[in-house]
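Every chain is named by a letter (A, B, C, D, E and F) in the order it is written, and numbering of its residues begins at 1.
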């Protein structure tokens, strides 16, 4: 019954459906294996955030990417 | 002055404006009646999440829906 | 399968177990009745926040309470 | 290494890239100056919420705006 | 630079420091391997929630546990 | 009417009441000045997170601190 929220920047058109499925399965399995949590009621929500709206070190990821990082 | 965040999957084009209004009023009234909280400063935010980005039981709601649930 | 997070200030020792149960049942029923959401997988998490850590209008709820509000 | 999430209503087409940059820099600087937190690992995420999905005082901001507030 | 928030019920005294470390490393590695995200700036926050404050299916986990689930 | 959530590690006994007040006032003023948001309904919630439960770069802040960072 854990709840997991993952926030990543939306880049190159965003995550594919397959990548999201991989992430959901991976996190759910980790909680099941590592903590013995009930798989059936585990909730995972993925939020993709525009690079203009995501800041790291005081600047937008849009700008961080321009500098080649 | 409570803060409430509701996350639901976005299905069939999403919630109508009227349904959202009903939900906002309903939750606010519940907090007012049940806990005596101040209605005027209660904040409710509804997030609609793509079914590919919402996982339950290790799989996407998109897939859960295909199996007719 | 909705997810709801409720944040309220912790006052007078905090919410009783019964009040929390009432809130969880109330919100879950609202989502079931109003949106037709699946009751069994609805998750509700209540966070009680210290009045020093909760700000409204630029000041702590601790101070708002002292002024008798 | 603080994490900050800012939720504002999306109005008049939303915040410009410049306004978002100003907000990210401003909050990061505040945490650095006021608490001595490490600027490099401070994360700020801005969510813009549709006025139909944002409730205050039991009603949608869309309606609050119509009354001229 | 992803941000992950994990909410689990606090049971039997809570997660050990080692279990939390395992979870933080596991989720960070998953995001690095699966999505190619930068490990150095990945933030993971674990919240342990009292079983009275965590609802599933309209009732408190405290009650769910009493029924032997 | 913005909502802001700030998560910082709890270190050296945690933030003083005065530091929290400074943070709440500072963020609220920034949103008022920079975006013209209504001060009266701005909500700020500060969460202090145990250093064992806060991960950066795949390890606990507890460990990061031991290495003198």
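Basically, a contact is a pair of C-beta atoms (placed from the backbone, for glycine too) under 8 Å apart; a residue touches a chain by one contact, two chains touch by 3 or more.
Predicted, not measured: the structure shown is a model, and the values here were computed from it.
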Based on which chains touch which, give the shortest step count from chain B to chain E.
-> 2
Report back the single chain whose CA centre is most distant from the CA centre of chain A.
-> C
Indicate the whole-number Å distance between the mean C-alpha point of chain E and the mean C-alpha point of chain F.
-> 20
So, in whole Å, the Cα centroid of chain A is separated from that of chain E by 14
Check: chain D positions touching at least 2 other chains come out as 1, 3, 7, 27, 41, 43, 45, 54, 56
If each protein chain is taken as a node and each touching pair as an edge, is the resulting graph a line, ring, star, complete or other?
-> other
Touching pairs of chains, which are they?
-> A-B, A-C, A-D, A-E, B-C, B-D, B-F, C-E, C-F, D-E, D-F, E-F
Residues of chain C touching chain E in their complex?
-> 17, 20-21, 24-25, 27-29, 32, 39-48
In their complex, what parts of chain F are in touch with chain D?
-> 1-9, 15, 19, 22-23, 26-27, 30-31, 34-35, 37, 41, 54, 56, 61
Would you pull the chain A residues touching chain D in the complex into a rising list?
-> 7, 49, 52-60, 62-63
Residues of chain F that touch chain B when the two form their complex = 1, 3, 41, 43, 45
